[in-house]
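Each structure below appears as structure tokens.
Note that chain A is present in both complexes that follow, paired respectively with chain B and with chain C.
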Partner chain A sequence: MVLAPGLVLVAGLAAGLKAVTAGESPATPAVETLRLLGKQRRRTPDDDPGLARVGLALLPVAAVLALAVVPLGDRAPVDLDVGVVWFNAMEVVAWFAVWVAGWGPNAVTSLAGGYRVLPLGLAYEVPHMLAIITPAIAAGSLSPVAIAAAQQDLWYAVWMPAAFVLYLVSVAAMAFWGPFAAPLGRDLAGGAAAEHAGLDRLLLLAGRWMLLTAAAAMAVPLFLGGGAPPPITGPDPFPGLPALWFGVKLAVVLGLLLALRRAVPMLRMARFATLAWVVLVPLAVAQALVVTLVVLA
Partner chain B sequence: MTALVAVVGALGAVAVVTGLLVFTVNSMARATFLLLASFVAVGAVLIGFGLGYLGTVVILMMTIEMMIMVVFMVMLMMNPAGLMPMTMVHNRRGSWAIALVVFGLLTTGVWLVPFPTPGPAAVGDPTLALGDALMGGQMLTMMTLGLALLATIVGTVAVAVSRR
Partner chain C sequence: MVLRSVLARRPHVLTITPATVDLGLRLAVEAELARRRWPEASAPVDADVALVLGTPGPRLAAVVRSVWATVPAPRVLVAVPTAGVLRSALDDAAAGLRSSRPRGSRASSLSLDASNDALLPDGDWADHREVDVPPEPQMADLAFYDRDGLALDALHVALGPVLPHWPAGLVAHVTLAGDLVTDAHAEVLDVPASVGPGSRGRSPLGPDRTRLDVLTRVLGLLGADHLAARARHLRDHDPEPGELTAFGRRLHRNRPVRWAVRDVPLVGGAVEERTLADRVAHLAGALGGSLPPPVRPTAEKAVQAMVGLELGAARLVLAALDPDTTLGAGPVAAFAPPEVTHHHH
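And then the complex of A and B:
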């Protein structure tokens, strides 16, 4: 039950960090939240607000449901034996959410922004699936708890670096973040978010931060050994505090994702689709093949 | 057990009702949403039956499938943009006839086919047992087919993308 407020808090902290790196005040996200809460929603002629609000409300809900199977420390809130697949299923709900959020207002920029989610999704999803299934192959389980436990001696980020990098790139695309922010692009005056104000806008923007945070959290059990200390440190300096190690690793992954936004300019969807299918998919298949051969040998 | 039956029954009702509503709305986005809701309810029913993997995969694949359907809408529909009203049904008389005949055949079939008597409960992972029952000796064929399909998709995209 503390999962949703906890996710909101961590996502808010991440948003504050982003504000600092963008040269704004760290309180900007909080101020912006209060401002949006105090504003009225906006309607456009002949719109479909009901459908748009279904999507807008689904975005943060999907983020919380995705986080529910992630072990925060040594135990997951819901220890699902097919947790990796469940996580994937919840994150594709975001495609639908952003698409209807852009569709609802019946406005050009908003609609085009919503449609941009589709080529983005079609480009990142296959490398993403291969990237999350590779640790599962190595651990012989689809449960994130079991995958984290299988990394006692060697982090999967070290053993399968290509899968780790592909995971980071694809979750940035999943949360339409950084170079993949085209659905909310400035060239479309805000894209899918253009016509949303007040609570609607807050749900979309906060839901996106929550999605990014939940995806960063999943990287910890999949690639960074979960709540265990790094294998090279020898005896655990903080025994019995897996949640602490989880928090440190989550902060590192979030930092990498924030740096990605600063380092790479916005990509055109068509170029990213080419890159994904010509480079990223073969790379992901090769990584999965290497891991499978090592596991079988 | 009774609670599980009630929940699964309610989800089944949701799946049927949202499936029917698909044909009553006048916007493609609403139809997509209702169809997705119907499929997700079916996925949840499978999870209720203890088939966690299959149910989750149904939710995952159906969500992606609906979104790919939207790509086809953009490609093929005359007006994939605004909220111009549209109808989800065509050829009313013909479809009524087809629907009634198919319903009649299926209903007759339900009563005529000898139902299997419940054997011993599946041992171990029900997903594994179901997969073995469905594919059995064809597993290698299916795996090869899947890989060939993936290679075809990648190849098609690589050929179709024009490089400037």
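And then the complex of A and C:
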């Protein structure tokens, strides 16, 4: 029950950190949230409000459901044997959410923005799936708890660095954020968000931050040893506080994602497709192959 | 009310700019909004304040009316005819957002729909109400050309003049097959089409500030916010030549930006450069040097260069070409639609 408010809070903190790095006040996300809550909602002629609202409401729900299988410390809210697969399924729900949120208003920029989710998904999903399956191969399990537990001696971020980097890049794409913000791009006057005002807009923008935060949280059990202290620190200075370690690691992952946004401008979908199929997919296949061979040996 | 005072702290501003606007006014507005940290609205739905610069002609006034109708409340419409009244107009806008009752008493800050007439030359708000009834849905034709033979619907859309990083007063009448621009023609609102060439070396800004103005828009469209802010800062604050060359080198060394603008052709010969990447490289490379100002093509030439490109690439091309809309659309070729043959699969 505390999962959704907790995710909103952490996503808000992440958005505040982004505001600070952009030279704005850390209260900016709170100000923007109140601003959008006070704004009128709006409809366009011949729209499909039901469809749009299904999409808008689904986005934060998908983020919370994705987070539900992530061990926040040493235990997951829902300890699913196939947690990695569930997490991946929730991403596809998010694609659908953005797509219909763009489709609903019956407007050109909004529709073109919604459709950009498809080339984006086609480009990032293959390297992303290989990147999350690689730790699962090494741990011999699809449960995030088991994968975290398998990193007692060596973090997977060290053992399979390419998969870790690919995961970071692909979660930015999964949350259509930073270099992959084309579905909500300024060139389309806000893309899928171009016709949504007030609460509708808040759901879309906040849902995106929640999705990004949930995806960053999954990096902790998959690559950074979950709630355990780093293997090199010796005895745990904070015994019995796996949630603390989890929080520290989550902050580091979010910091890396913010740095990615600053370093790389928004990519056109044709550019990202080139990058994905020429560089990222071969890299992901090679990484998965190396890990599989070592596990089999 | 708390929500209203929060709204006035960081209102999103939609600027509506006529083609004939005084360039100094546009730059002053952009600099003042950046100083106040009031973000630029990405679309009318995102706006709290609609800022009308200069003196809109009848065509743009009609656009202002229809755009204003789509801005969600609470909202304020403000006219900024000259740079002198800019600060007081923005203060009035913030005050108008803060007060729960719209204030119609001041000419520069109008919140009531009915009081817009003071701002708009031949505005008739009562008549406009009838226009709000949606027109009959228009059936799309079948595209006569598209990149993958899917025979998508062809949509006829007017892009502009109220879009982020868009040339002042320009409307691009485009035909879209999906997100692909298959045909495009320029119209500049309230400026008659002239037959003159583009403004080779005529920009009142001077060469470096013109380049920085173009780069601000291109980088803004690319979402490279900190680089765009730096370009705008240099444009607005008499920089040393050393600072300019340093910024040019910084852009030149920035691999992600170079990579993001690759693989977009500039067709039609509007400028010497053949690709978007070359255009951006030349704009950045010439900063702080003694080269003549960049060529700014006519609106029609620039809009023609969008044909064949996906919308995102087309927007980047238009921003990088930065047509001089004060000259009107430029010579316009007679429009002759190619033979449309419908293939049914």
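Observations, loosely collected:
By our rule, the second predicted complex is superposed on the first by the 297 of 297 C-alpha atoms of A that agree within 3 Å, B and C clash if a C-alpha of one lies under 4 Å from a C-alpha of the other, contacts with A are read in each partner's own complex, and residues count from 1 in each chain.
Please note the rule applied: a residue touches a chain if its C-beta (ideal position, glycine included) is under 8 Å from a C-beta of that chain, and two chains touch if they have at least 3 such contacts.
The shown structure was predicted, so the numbers you read here are calculated from the model rather than taken from an experiment.
Of the two partner chains placed around the shared chain by superposition, chain B is the only one that A:Ala89 touches, whereas chain C remains out of contact.
Judged by the touch definition given at the top, the superposed model places A:Tyr115 against both chain B and chain C. By the touch criterion defined above, A:Asp46 lies against chain B and chain C together after alignment on the C-alpha atoms of chain A. Of the two partner chains placed around the shared chain by superposition, chain C is the only one that A:Ala189 touches, whereas chain B remains out of contact.
Contacts of A:Trp99 after superposition: chain B is touched, whereas chain C is not reached. Contacts of A:Glu24 after superposition: chain C is touched, whereas chain B is not reached. Residue contacts after overlaying the shared chain place A:Leu80 against chain B, while chain C stays out of touching range. Among chain B and chain C, the chain that touches a larger number of residues in chain A is C.
In the three-chain superposition model, chain A touches both chain B and chain C at residues 46, 108, 115, 274.
Chain B contributes residues 27, 29-30, 33, 36, 52-53, 56-57, 59-60, 63-64, 66-68, 70-71, 74, 81-83, 150, 154, 157-158, 161, 163 to its touches with chain A in the complex. Interface residues of chain A, counted against chain C in their complex, comprise 22, 24, 28, 31-32, 34-35, 37-42, 45-46, 108-109, 112, 115-116, 178-179, 181-182, 185-190, 193-198, 201, 262-271, 274. The residues of chain A lying in touch with chain B in their complex are 46-48, 51, 54, 80-82, 85-86, 88-89, 92-93, 95-96, 99-100, 103-104, 106, 108, 111, 115, 117-119, 121-122, 125, 142, 273-274, 277-278, 281-282, 285.
Those residues of chain C lying in contact with chain A across their complex are 2-4, 6-7, 9-10, 37, 42-43, 45-46, 48, 70, 72-74, 134-135, 137, 155, 157, 163-165, 176, 178-179, 219-227, 256-257, 259-260, 262-263, 310-313, 315-316.
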